[in-house]
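Each chain gets a letter, A, B and C, in the order it is written, and its residues are counted from 1.
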Amino acid sequence: MSAVSTQNSAEDSSGSPVGDLGSAVAGLDLKPALEAVLMVVDEPATEEHLAKILQRPRRAVADALRELADEYTVQGRGFELRLVAGGWRYYTRPAYAPAVEGFVLDGQHARLTQAALETLAVVAYRQPVSRSRVSAVRGVNCDGVMRTLLQRGLVEEAGAEPETGAILYRTTNYFLERMGLRGLDELPELAPFLPEADAIEGETLEGVPSFDPDAPDAPGYEDADD
Amino acid sequence: MEPEPEGVPVPEEPHVQEEPHVPEAAAEAQPDPEPDDGRFKVRLANFEGPFDLLLQLISKHKLDVTEVALSKVTDEFMAHIRAMGPDWDLDQTTEFLVVAATLLDLKAARLLPTAEVEDEADLALLEARDLLFARLLQYRAYKQIADIFTARLDEEARRYPRTVGLEPHHAELLPEVVISIGPEGFARLAVKAMLPKPKPQVYVDHIHAPLVSVREQAGVVVARLKEHGEASFRVLIEELGPDDTLTVVARFLALLELYREKAVALEQEEALGDLMVRWTGGDGEAEPTVTDEFDRAPEPEEEKKP
Amino acid sequence: MSAVSTQNSAEDSSGSPVGDLGSAVAGLDLKPALEAVLMVVDEPATEEHLAKILQRPRRAVADALRELADEYTVQGRGFELRLVAGGWRYYTRPAYAPAVEGFVLDGQHARLTQAALETLAVVAYRQPVSRSRVSAVRGVNCDGVMRTLLQRGLVEEAGAEPETGAILYRTTNYFLERMGLRGLDELPELAPFLPEADAIEGETLEGVPSFDPDAPDAPGYEDADD
């Protein structure tokens, strides 16, 4: 499959949003740009940081944030923008807590989604492991799911990778408790469930150019060749 | 549920036709909405399979699929296959050869004097052409859809979903997690997550053609030659059906073996003429040794000689 | 974050938030209640689910969601509310992607190759479909590409073909999310990209009399065309 490796060489010149990020950011309306950024952050963002990312004076950022917060209050939105512990973040408005609690207690939260279960499984068998590695194994970004697992107390941070500084994660005692296990050594071996022993690493598969039934890891390959 | 209008550009398609009054397939194509110069050259090295190459060649000549000047395109198609040299794997080469063979057939037909469609070969060629074009049109449709997908995916990649989750005071209310799949199910899930590869399937039907034993066929040949003394190869295979190429080959290989054992003499008066086979092995009961050189199977299966 | 966790204790005078949740929820304004819930969902929420949580008719919920989405657009907010893959969810508005990308480092999706896109297109329109059928359309083996799509979570297995036992594939909800589609019925129609049936037939017939694949410059072509 000759075209696989060339995937983004042609597009990069025109389409990549990274290239002229600087000037693009400077041209954005400040208030909606702040709204967009704050919509995806889960840690309170400081005015300094926001000002730096959006390339505006801190004063302008601070004013815009307060205006936004006022707008939401005036419009009676179900969310609010608050300055907590030195940073800004969206929160649900307390008056609507019963709605959120209804959602939390709805019953479906006792179970994990398939994505969460799979991510948990990868962490359990690969710990300590970084988020990027889990994402690489699963082939999809796992940030949101990992956050859920942290929130549910099933995984926790376990230091950082020395080379990259990436945060590592491991499963918790609560995980063992919910699984009915006394220790990690009671997790079943993977071997019996593996088709082939040497093909576990998801990343290595990524690079295989084209599926080939006669690939070296297929059974009987050596015989088939002569 | 109306589809969103944005992000669905009609992919450009070179559609200049040599016959301007033909109003079909390319009618939906817009005049190039964006500069597309040089794209052909860049992408030709990157074609995805034979249809892709064919489509690119056709568009290079600014022809519509339904109005292709096949000779030119066929020549270039062949040139590309040659240019690729030995780098292709068997699968890939085969796929290209199928298309190339069809194109060559069509080109050859073009070179012959034009006549009424009367014999079955002509009809078969027409069918091959229509089939090829139908597949090509279908492929082109999906290719255009793929362009739309690209546009949509690019557009969507500029939207980031909110995945912040619960605030801590709400999270405290969460019920206990229930993991009901059990340790074994969990291990299975881990394997699935880490090894998400479809089971490899090797199709072996084509290998399972009935095996023909050269030794057995040698026995047949020897028996006949002993009876008649001499026979042409044509006679030696005359009872075999047209589909039984394997047996024909096996009998021929048997002849070579017998020749090596000096049990037969071979004579051919002219090229492509009848091959005369004469028995020189005497009348004795002892039969010449025919090795199982050609019969060796991958598995040590006993060949029983009758 | 102790400051945060105390915020709603004042409102819950009754203590247990569960006790009179039902009546509390029923008394809330619908639109801000929806906004509050949608702030905390981490996957698209269906109208049914929201209607159940908020104890309103689905029709009312559906209308309110659309009104909210319109408000955000009219007000030029940096976020938008969209119905994707059958559920509603907040997204950042595309125009502000440069700002968001300053924050989200690894949010970039790897681009799909041309081969993967074509395969995805065939699966999307022909599902459930076997690999061999996809290969037939594209003229090349698609096994390696299909594996990539499986890994990325864009397609999934969907049983086996009864006659052949070949594994069938279909697109996933994640595919819809990535494409920003509400459902498969929102896929662009395939028909306009295929010549009309009678156009093919006409072409086919018109080729017959002259039996000439290179029609345009052949004698007799003009007659055949009329």
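The working rule: a residue touches a chain if its C-beta (ideal position, glycine included) is under 8 Å from a C-beta of that chain, and two chains touch if they have at least 3 such contacts.
These numbers come from a predicted model, not from an experiment.
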item: Central chain (by mean CA position); value: C
item: Taking each chain's C-alpha mean as its centre, the one farthest from chain A; value: B
item: For chain A paired with chain B, centre-to-centre distance based on mean C-alpha positions, whole Å; value: 42
item: Between chain C and chain A, distance of the C-alpha-averaged centres to the nearest whole Å; value: 20
item: Rounded Å distance between chain B and chain C, as computed from the means of their C-alpha atoms; value: 34
item: Residues of chain B engaged with two or more neighbouring chains; value: 46, 48, 91, 158, 160-167, 170, 173, 196-197, 199, 201
item: For chain C, residues contacting two or more additional chains; value: 1, 4, 7-8, 17, 38-40, 42, 79, 90-93, 97, 100, 104, 107, 109, 111-112, 114-115, 140-141, 143, 146-147, 151
item: Residue ranges of chain B in contact with chain C within the complex; value: 1, 3-4, 7-8, 18-19, 21-22, 24-25, 28, 46, 48-52, 66-71, 91-92, 95, 99, 106-107, 109-110, 114-117, 122, 125-126, 129-130, 133-135, 137-150, 152-153, 155-170, 172-173, 196-199, 201
item: Residues of chain A defined as touching chain C within the complex; value: 1, 3-4, 6-8, 11, 17-18, 21, 24-25, 28-29, 31-37, 39-41, 45, 53-54, 76-79, 84-85, 90-106, 113, 132, 135, 138-141, 143-144, 147-148, 202, 205-206, 208-213
item: Touching residues on chain C, where the partner in the complex is chain B; value: 1, 4-8, 17, 38-40, 42, 79-80, 82, 89-94, 97, 100, 104, 107-109, 111-112, 114-115, 117-118, 120-122, 124-125, 131, 136-141, 143, 146-147, 150-151, 157, 166-167, 177-183, 185-186, 188, 190, 192-196, 199-200, 202-204, 207-220, 225
item: Residue ranges of chain B in contact with chain A within the complex; value: 42-43, 46-48, 89, 91, 154, 158, 160-167, 170-171, 173-181, 183-184, 186-197, 199-202, 298
